[in-house]
Amino acid sequence: MITTESTVRQVTLAQAIGEALAEEMRRDPRILMFGEGTATKRPDLVAEFGPARVRNTPLAEGIIAGTAAGAAATGLRPVADLLFAPFLCYAMDEIVNSAGKLRGLSGGQFAFPMTILAMTGAGWGVGAQHNHNVEAWFVHSPGLKVVMPSTAGDMKGLLKTAIRDDNPVLVFTDIGLLEQAGPVTDAAIPLGRAALRREGDDVTLISYGKTVATCLDAAARLAEQGMSAAVLDLRSLKPLDEAAILASVRRTGRAVIVHEAAAPCGVGAEVAAILAEKAFAALKAPVVRLTGPDAPAPGNFMLEQALLPSPDAVTAVAARLCAGPVPCPA
Amino acid sequence: MHLLDLMDALRRMTLIRAYEDTLVTLLSQGRAGGTCTSVGGEASAVGVVSALAPEDLILTNHRSAGHLLARGADPGRLLAEVMGRRDGYCGGFAGSLHVSARELGVVLTSTIVGGELGLCTGVALSQKVLDKPGIVACFFGDGAAAEGRFHESLNLAAVWELPVLYICENNEWQAYVHRRETMLGDGIAARAAAYGVDSASVDGCDVAAVFDAAATAADAVRSTGRPFLLETRGYRLRGHLEPDDQAYVDAAELARWRGQDPLDVLRRRLEEAGLAPAELDAVTREAEARMEAAVAFADASPLPDPARLLDTVYA
Amino acid sequence: MITTESTVRQVTLAQAIGEALAEEMRRDPRILMFGEGTATKRPDLVAEFGPARVRNTPLAEGIIAGTAAGAAATGLRPVADLLFAPFLCYAMDEIVNSAGKLRGLSGGQFAFPMTILAMTGAGWGVGAQHNHNVEAWFVHSPGLKVVMPSTAGDMKGLLKTAIRDDNPVLVFTDIGLLEQAGPVTDAAIPLGRAALRREGDDVTLISYGKTVATCLDAAARLAEQGMSAAVLDLRSLKPLDEAAILASVRRTGRAVIVHEAAAPCGVGAEVAAILAEKAFAALKAPVVRLTGPDAPAPGNFMLEQALLPSPDAVTAVAARLCAGPVPCPA
Amino acid sequence: MHLLDLMDALRRMTLIRAYEDTLVTLLSQGRAGGTCTSVGGEASAVGVVSALAPEDLILTNHRSAGHLLARGADPGRLLAEVMGRRDGYCGGFAGSLHVSARELGVVLTSTIVGGELGLCTGVALSQKVLDKPGIVACFFGDGAAAEGRFHESLNLAAVWELPVLYICENNEWQAYVHRRETMLGDGIAARAAAYGVDSASVDGCDVAAVFDAAATAADAVRSTGRPFLLETRGYRLRGHLEPDDQAYVDAAELARWRGQDPLDVLRRRLEEAGLAPAELDAVTREAEARMEAAVAFADASPLPDPARLLDTVYA
């Protein structure tokens, strides 16, 4: 199918990944992709680009990431699929100590244009060795970029940009969103820009991944109760769109931060810290985080779901913040 | 060395198959989550586990139901665990991919491929330092053998003289990748020599052969205190993770291995030994009945309070 | 030498580690220790406890941590020395996916009483593959505990407690403090309690590791300028002493958080987030973080030192916060 | 295949030794940071690197000065890097443990033991996919061979047919641990067979032997496009990280290997071949003079602006 920049179609987030990969590989012959089962699961890419550019690997995440880093340093633009976020644990050295640090340490001699894909989060109910949101680790590590889109369109556009970026970018796919459909185009979406999903004046709900929908749901309920909630989808966790965060919260004076990852040292902590420093004068109420528990995810769908931040909880917290100004300290 | 009771082996293998079939049915009805079945691996599971002593400890991987049932796990409690119920072995929090059962000596089901290889050395170190009698059986796949932890684990076990019986269940598949795509050479056992570890390879479809090889290997570990690598050669007869249409599997290869279905191999042998088909069919019916009761048990077990998990994270 | 609980002696932080190990191993025969060069570097422990309990390992961090986890689950209380924090990258799976999660997933059947030692931070000038503060990663992971002492006494007392704890505890040694001497006793110090190093009324300087000294230095300068700064040493990063943080900041109304780790999603972000939620009404000024750069550490002592938070910078920021109240938002 | 010019080899090896001696002196004067010297490894470095072609690429480990100098690195710029000066190969930010030099085809000095093994496959993949002529030489130690990445790297290189010449510089030490404490068996080369990789082992104190073995190995990689593992057997003649009194080293073993000092071995050979001692001494003086100039160069180079690092982190 021939598509143009302006064509808008509905595809699932899973399909959006495939489209982004195919379009970018078509554009740039230096892009290649590999992972455990990549060739098996993407026969269309193998057919179009050949087995040299779409590869199955042995079962060894460390060498997959390392091979991506080495290839990136020397002329290729690899995309490595590491499947599930917890498996990144086997590849931390290559991602953090090599890909993230060696550009700086080499005085800029080498760049690492590589993309790492990993699914993350609840939605599958198979437990904590598949479901663990660790995106904050990479936000905390130098030289890396991190995105986690909440829509098919963002996934496609951000993945395309990630592949074009000359730095290592981790692209997290919220597994709970894989089958969600949405409009996509062929345009790349810049990293580092949040998306304001809903305008609002009383409180800003800040989120990313599947909890963006939780916030939109909460915002609708708040509207019914007469409160106007903005919903900001961070999308890009590193770089983080500080300007968009500050603009909305300076307007509303209140913020609720929602994500599935555990609270301590998570992305929500970073957002709250930014607000406490740079939106302090505008804050009318405490900044509250609502997150997944600081516990391993249970291996059962119902138990897993029961522990996620709910629209009810977000609504209640936001309503409480809006209920009245906290007395200003002397 | 005790002898394998082939009818008992058939009972265990049939129960494993019935368990996995039941799980697949429950899955298709939306009553259980995705699972990696051990179909095709029954002879390896029962052969090896039957060669272990009660005091031996087990670590295994995502395809652990066979090992657990071979070890005597109650299918009702196992199913309850997979379905997230309070009466499961882990109180419902592990699901199918992380079942452990202290009372059975099953320390770990690791879903991180290689996790079992990473921890088994420590379990064996406890046995050795605390002078406990059992050896440690560590089950892993041909795919896991490509992870660096395989290398590190065998090397450390060799150098520290740890009583680990490594069992590589080579079923020719690593999720959606054929083993041939991931290594040169024809098996994992040959890699043990690099570490100074003895090894053997056995037909993983023949429970008697597996039992003999495992008993010999376990004896070696017990008497020398040193590790041993046993490779059981079989085939993953169902898909990687249910549901899986196996469209990527070479049909001829699959058909060839279906002809080696460990249950059929054993049945044929028992028939040749003179057992009546009716006697063998009774085993199947018995397993089915046990599974029916197991489903009823699991169904009746309540979901745990999700919040209870939070109290369990820290000791 | 025979010591009693009440004996107070001066030892270096490095010696304090040795004392804690020896005293605990003496107390409990289930404790054993291993790592790359552990036996070579601790001949006194080998002499006292024998080669079965004090071991050199092959060079393989993953299996070292995994062996610790497996041993911990089955009756031993291992202490694994992984040398430098960046090397933890090779052991993330065993620490995070196994030791941290398997107690919860097993429904409490197994516990993981193990201690992991790693040096971290600036002070040696050998670059980012030795010097990288990643303590926040573990704060962000379930089932783990994390300490990072700033004195010899705390190191000894907290390491003893870590070894006695029935959970995996990561004990980070700030390499810049190894040769700092201080008083030690034989008493264990509970995890989860911060130490107020200096009382103060106008601003709270919150820190851990070597930047505690930076804060004390700043506090002295602030005192000269007529400002009273409290200095809170977190010591235990997980569990975090929320009560102590809140108590001091509720009193002073101002907080500057200082650490060497990068800012994004660091421990400072967590502290700021806690303040923005729970001390909001008491805050008189923005919460400011001063941290090391979000960049790989350079492999040269002078360059490395130049990038650390300085007493000057802390003093300046704290003075600015104290200068005047930020106007209260409407 | 070209022949090794032994006088040229002596020059390079002597320069390496003089460089390391200089660094140790600077360290003792507080003018340079701690470093892992390549003393004892000069024949391995010069023998292997001399067998490489200019278009070949190199990845190495914390003991990389020998490889860099053998490759023609300017000792002044190398010293400047170690001393954190602007004219160093990496602008002063790498220090001694992470030097890379694009202009020399040195992609990486990894201080993470095993990092070079993790990245070399990717570099070789670039060479292969982009159809570039050079092969990839990856230097690592006997200690690194215990890391899982060794296993993963050799296996992937074998399966994907990547042109990597693996050089394991087995110097019997892994920081403060003797190799014998970390593995059974007597060397690393024997482990290659497990991956279907050819290997050879050579006396690492004899530069001519190393060169011949490396040239043969490099030819094999070039002609087959497949990996090869060459093990050079030598000894770490100085401590792990300066300063190090080597109190933990068996004195007799060290003395035995000192008798095999690669520089002495080569000098003896050249003397036997008729070269006058004066000619050989001139080489030493020449190296010392180069190092004097190098120190002056590095000393004169300014520290970079620390803040410039922040601009370099991202491309």
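Each chain carries a letter (A, B, C and D) given by its place in the written order, and its residues are counted from 1.
Everything that follows uses one rule, which is that a contact is a pair of C-beta atoms (placed from the backbone, for glycine too) under 8 Å apart; a residue touches a chain by one contact, two chains touch by 3 or more.
These numbers were taken from a predicted model, which means no experiment stands behind them.
Listed here as common contacts of chain C and chain D: A, B. Put simply, the C-alpha centre of chain B and that of chain D have 45 angstrom between them. Averaged C-alpha coordinates give centres for chain A and chain D that are 41 Å from one another. Here the CA centre of chain A is 29 Å from the CA centre of chain C. Taken residue by residue, chain B touches two or more other chains at 92-94, 98, 110, 112, 114-115, 146-149, 152, 155, 159, 181-183, 309, 313, whereas all remaining positions touch fewer.
For chain A, residues touching at least two other chains, in rising order: 57-58, 60, 62-63, 86, 89-90, 93, 97, 104-105, 127-129, 142-143, 293-296, 298-299. Chain-to-chain contact here is organised exhaustively, every possible pair of chains being in touch. Partner chain A is touched in their complex by these residues of chain B: 33-34, 83-84, 92-98, 110-115, 143-144, 146-148, 174-177, 181-183, 248, 303-304, 306, 309-310, 313. Chain C contributes residues 86, 88-90, 92-93, 96-97, 100-101, 104-105, 127-129, 132, 134, 136-137, 139-143, 238, 240, 253, 261-270, 272-273, 275-278, 280-289, 293-296, 298-299, 326-330 to its touches with chain A in the complex.
Contact residues of chain A toward chain D in the complex are 30, 32, 52-53, 55, 57-58, 60, 62-63, 65-76, 78, 93-94, 97-98, 102-113, 142-143, 145, 166-167. Residues 146-152, 155, 158-159, 181-185, 190-191, 193-196 of chain B are the ones that touch chain D when the two sit in their complex.
Contact residues on chain D toward chain A in their complex (touch as defined above): 57, 59, 88-94, 98, 100-102, 107-108, 110, 112, 114-115, 117-127, 129-130, 132, 148-149, 152-153, 155-156, 159-160, 309, 312-315.
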